[in-house]
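Written out below as structure tokens is the structure these notes cover.
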Amino acid sequence: MTVEITEATRFDLDIDGPSALELMSTIREFESRLPTYSEEGLIRGSTHPSVGMEAVAVGVSWALRASDSVASNHRGHAHCLAKGADAGRTLAEILGRRDGYCGGKGGSMHIGVKELGLLGTNGIVGAGIGLATGAALAAQAQGTDNVAVAYFGDGATNQGVLAEAFNLAAIWKLPVIFVCENNHFAQSATLEEMVAQPDLRRRGEAYGVPSVDVDGMDVEAVSNAAAEAVQRARSGQGPTFIVADTYRYLGHMAGDTEIYRTAEQVEQWKGRDPIARLAKRLLDSTVLDEAQLKAIATSALTLVDSAEEFAKSSPFPDVSSAFTQVSEDYR
Amino acid sequence: MNKPAQQLTIWRALNAALHDEFTEDPSTIIMGEDLTTWGTGGGIYGVTRKMADVFGKERVRDTPISEETLISAGAGAAMAGTRTVVEIMYSDFMLLGADGLINQAAKSRYMFGGQFSTPLVVRSNGGSGIGKAAQHSQSLETLYAHIPGLEVVVPGTANDAYGLLRSAIKSENPTVFLEHKALYYDKGPVTKELIPLGQARVAREGKDLTIVATQLMTKRALEAAQVLSAQGVDVEIIDPRTLYPFDMETVFSSVRKTRHLLVVHEAVRDFGWGGEFVSNTVQECWGELDAAPRRMGAARAPIPYSEELEEAVIPSAQNIVDEALATVGRHTKLTV
Amino acid sequence: MTVEITEATRFDLDIDGPSALELMSTIREFESRLPTYSEEGLIRGSTHPSVGMEAVAVGVSWALRASDSVASNHRGHAHCLAKGADAGRTLAEILGRRDGYCGGKGGSMHIGVKELGLLGTNGIVGAGIGLATGAALAAQAQGTDNVAVAYFGDGATNQGVLAEAFNLAAIWKLPVIFVCENNHFAQSATLEEMVAQPDLRRRGEAYGVPSVDVDGMDVEAVSNAAAEAVQRARSGQGPTFIVADTYRYLGHMAGDTEIYRTAEQVEQWKGRDPIARLAKRLLDSTVLDEAQLKAIATSALTLVDSAEEFAKSSPFPDVSSAFTQVSEDYR
Amino acid sequence: MNKPAQQLTIWRALNAALHDEFTEDPSTIIMGEDLTTWGTGGGIYGVTRKMADVFGKERVRDTPISEETLISAGAGAAMAGTRTVVEIMYSDFMLLGADGLINQAAKSRYMFGGQFSTPLVVRSNGGSGIGKAAQHSQSLETLYAHIPGLEVVVPGTANDAYGLLRSAIKSENPTVFLEHKALYYDKGPVTKELIPLGQARVAREGKDLTIVATQLMTKRALEAAQVLSAQGVDVEIIDPRTLYPFDMETVFSSVRKTRHLLVVHEAVRDFGWGGEFVSNTVQECWGELDAAPRRMGAARAPIPYSEELEEAVIPSAQNIVDEALATVGRHTKLTV
């Protein structure tokens, strides 16, 4: 029952099997620890946990392969882990360590992994949208059938780049999947106050991008929508916009006073918890029994424990590295 | 005119300036992301605290994440007669609104033959030091100082923050007002007097070397001055406070006295604003300099995340000491 | 029958009367002469004539008053003239003369007239959208019932700023009217190639902005749509998006080879000519007779003749003016 | 290696460079507005002529007016392994894509610890002189030179245009390639050899004064040199060709010979790149300078439309003569 979140194994595993559950549980555990690391001073700057939103990254990634590109946002660890990033190296980056994917230069908001097609988590809300559109353009121009995914939040849908990218992707039929994680808040701003037309799908449709709503708390639903979108993209039929209805259980980042929402609302959403839901489904359909479920939970814990150990014991980068890798000096 | 000074943090001083200016002038508005709903209701660093309670949601607006339009609409509102403050959460994001600032606001008076005023203030923060990494830590003030029509303010103390923000809002010209994210909790006396744009502040008097520095670098230069003083180098520190309009006269007269100049900024050294100060000084004070002026700035690198790396790319107090000694021709201690 | 295009007289005149016709005829004559001025070297840089598109500016302006704001684009002389700008001073600006509205500093792409609420023609495609949104914000925040109009082309609808402004105007119910002059080309790019969803109205609707199509070759239709939009804006009900179907008869600017369209297409559109159409309507309904029509044509000619004379005889600005008016030096 | 030189206009040389590079490297693409449908099918200044015919619409793409996404998608395509050229019609419009260039492309290698190359070239034109007014005439190269991770190329001759564009496309780093709109029809010999980024060109040899200038200013400096020569001042002219990487060594060794420096650019003088060259030279060649180095640049004003005004705000050959005389201490002719 131990599942390592590595590129090699992950894609063999069926969505109906235990691995989606394990991956979601691992991400949950991983992300849940971040506030503590922040409090302990292990994390500097901002880190944005995605607890509650695991089904989106996992569901989408199920349809992807290593050569596909992903451009993520500030709340992006789940996107990385689901695409196959190693939890230890991801956390090491978040803690600014030498063994982090970027040698500690990037941190939580700048985790890129070239061999996994991860074009980076991103500190600029909306910026990944342009990058993914470009990766899709590259795939198309080079004649591969790779696709690209842009993950972004409801808040990012108010950035003009999304409209531009929708249009460009639509006219060129670029193989890009725009995934909006609509968690109803942009930092402290509520979706209701920040948009007048809450049916975000219509933004994609207005530019000619086929657009679907999906229950972002249901990994199977996400994975089905993503599979369809990826299939469309791979076969040259162009982009899709997926709006996943989801929620973040924790604050926007460490120190969030959360004056913009009620504790009741958070509890209500927990009633739709994607992990509990999948677990119940697997149990009900006798794919797994209670003992196996427990084993999965334990294994997630173990995996994150060892990631933590790995990251914490990784040394800080050598100071000289601050001055290298700015440009390739090919001359 | 000397009112009794209060001790305030920089964010409090900025908050007070906004409150006072909004009270005085009902044609002022402010907009930005999370201005009234974050933290204790005062934006990401608290600067807009209680503004909505006092002035209402018509004048104090939480916005969607749409920097391009916030800045260009800010320009339009200003051209239409409303003194407009736009808060951009981090100055790195101002690049999304570069067209509104550089192609529109900065040129609106000139292009239209002097008809329009554009009393727009784009407030934001720059600087590194708290682990926000490459896209939340840049010091990009030089970009704006290069653009005709823009004013650029970089306050480094609570008093300057208060007095300059009020002047910036009163200004008929578009102003880029860049706070420093690592200094918001710095405390200092605030007299609540207006400070005109374009007047440098002598942060320390001295006779051997003029150091021009802003914000965090002024603080570090002051630390360095202690060390240098013990080594017999008496440093004068000038904080220009505004990069445009700039007050070269204060720099020139200081250099005429000290005969040595070192400019220190957190902006990247290459093509940074230090070059402007050095070049002007060289041209104006050629015969009065005993040695070549020098410049310090961030390394030619994005700001890295990991703490020691972040520290390494910007000038430390020790770096300033070393470079100061090199400037006055005392190379023994030079380690960088 | 002489109608001076000045703010004072224009707004008294009824759309059914002759003045709309006179204004359109004047704009037509004014714009038709630009290519000649360019060839003669009287105009430097780029000038974009709007021959064929007169009904949009005139129809929209009919609903406006002097205190309303207008942000225009690169093809903006008609917007200025229709808002009440003096033809002579407008042309003087286009020719870079001292008596131009901006003292010759602006030129065709930067004509602003503060007392008419003209926030400028604009050299940046899409930029006027943000400016008009801001002017509407100012009107709302100051508690006036002024409105703002942004004019832009079909090409500009692919700039992200439009999506952002739609959203902002919709959530705040800003008194702004977004007027798209859809002339089917953006320089040499055809609308069909540049958008996948040609129903541009949907872009406004997706953000919650009430959106209408209008025949941009029919000044009455435009004016009705604009009147409704302005009424909505003045009464606090927020923005409207008007998509006006129109066409430019001349090239994008002087020197355009027009390889992207056929002469037949141009001729076809001329069959819907807004001036001929209004003239016929006024004739059919006996509002005007042939003699009066002729007088209007003559008067337009005379007016533009005298504008030309005025502009050509205006001296070039004093060189010293190049260095002034950069900033207000209030210190 | 000396191939026979052809006489080509700059736009032709650029067009040839694109054709040659696209032929050699099938992983190249180019996109921009009106690239294949304007004029005789070659973009606003003809630079992409016949590209679509030869390389197809998959690699040569007409785009909507969406500069922000063109540049950020260009960055993404480059990170994903495609050598991408983005043509922005006028460099003023690049500001709409400042995030993609400055926050994304420039930092992608560093932030991610060296994993990614971003072979993106953003081609555009700057400069004034043809009446395009305030929003189509800026010389904004300094902004990009200040950003770590970006390369900045400012070719002034047909040969440089060819050789540097090919090098820029081959570069693994994001490059801002700024042509000059008033020079597209200038003709010159083109050897079709690659020119590495970071090597200055000595445009004229001389012994009394070093003038550093690019593009239109190099031309004017050459004119000025004729006049100065008649007055007994022998000018050496150095065209850096790339602002980053920069070749200060060539400037230093010239200054060591001439003992005088004047930097002339069309960018606004205040906070323009001249300050970098002056400051570096002062620091490096302090004892070898006979007079204070000077800088010239555009006035602190937007570019006006009317012809005489436009001419007035940027340095003329006569201005350069006057300033050169002032630099070498011959003040008699100084009229500005």
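Some notes on this structure:
Here the chain labels run A, B, C and D in written order, and each chain numbers its own residues starting at 1.
Keep this in mind: a residue touches a chain if its C-beta (ideal position, glycine included) is under 8 Å from a C-beta of that chain, and two chains touch if they have at least 3 such contacts.
Remember, it's a predicted structure, so these values are computed and weren't measured experimentally.
Counting C-beta pairs in contact across A-B and across B-C shows that the higher total falls to B-C. The chain with its C-alpha centre at the largest distance from the centre of subunit C is A. Averaging Cα coordinates per chain places subunit C and subunit D 36 Å apart.
Note: centroid distance subunit B to subunit D, computed from Cα atoms, is 30 Å. Note on chain placement: the centre of subunit B and the centre of subunit C lie 41 Å apart, centres being C-alpha means.
Contact with two or more other chains is made by residues 64, 66, 68-69, 92-93, 96, 99, 103, 107, 110-111, 133-135, 148-149, 299-302, 304 of subunit B. Shared contact sites, meaning residues of subunit C that touch two or more other chains, fall at 104-106, 110, 122-124, 158-161, 164, 167, 171, 193-195, 326.
Of all the residues in subunit B, the ones that touch subunit A in their complex are 33-34, 37-41, 62, 64-69, 92-93, 96, 130-136, 299-302, 304-310, 312-313. Against subunit A, in their complex, subunit D makes its touches with residues 27, 29, 58-59, 61, 63-64, 66, 68-69, 71-82, 84, 99-100, 103-104, 107-117, 148-149, 151, 170-173, 196-198, 245. Those residues of subunit C that touch subunit D in the complex are listed here as 43-46, 96-97, 104-110, 122-126, 155-156, 158-160, 186-189, 193-195, 255-257, 259-260, 316-317, 319, 321-323, 326.
Residues 68, 92-93, 95-96, 98-99, 102-103, 106-107, 110-111, 133-135, 142-143, 145-149, 243-244, 267-268, 270-276, 278-279, 282-283, 286, 291-295, 299-302, 304 of subunit D touch subunit B in their complex.
On subunit A, the positions that touch subunit C within their shared complex are 158-164, 167, 170-171, 193-197, 202-203, 205-209.
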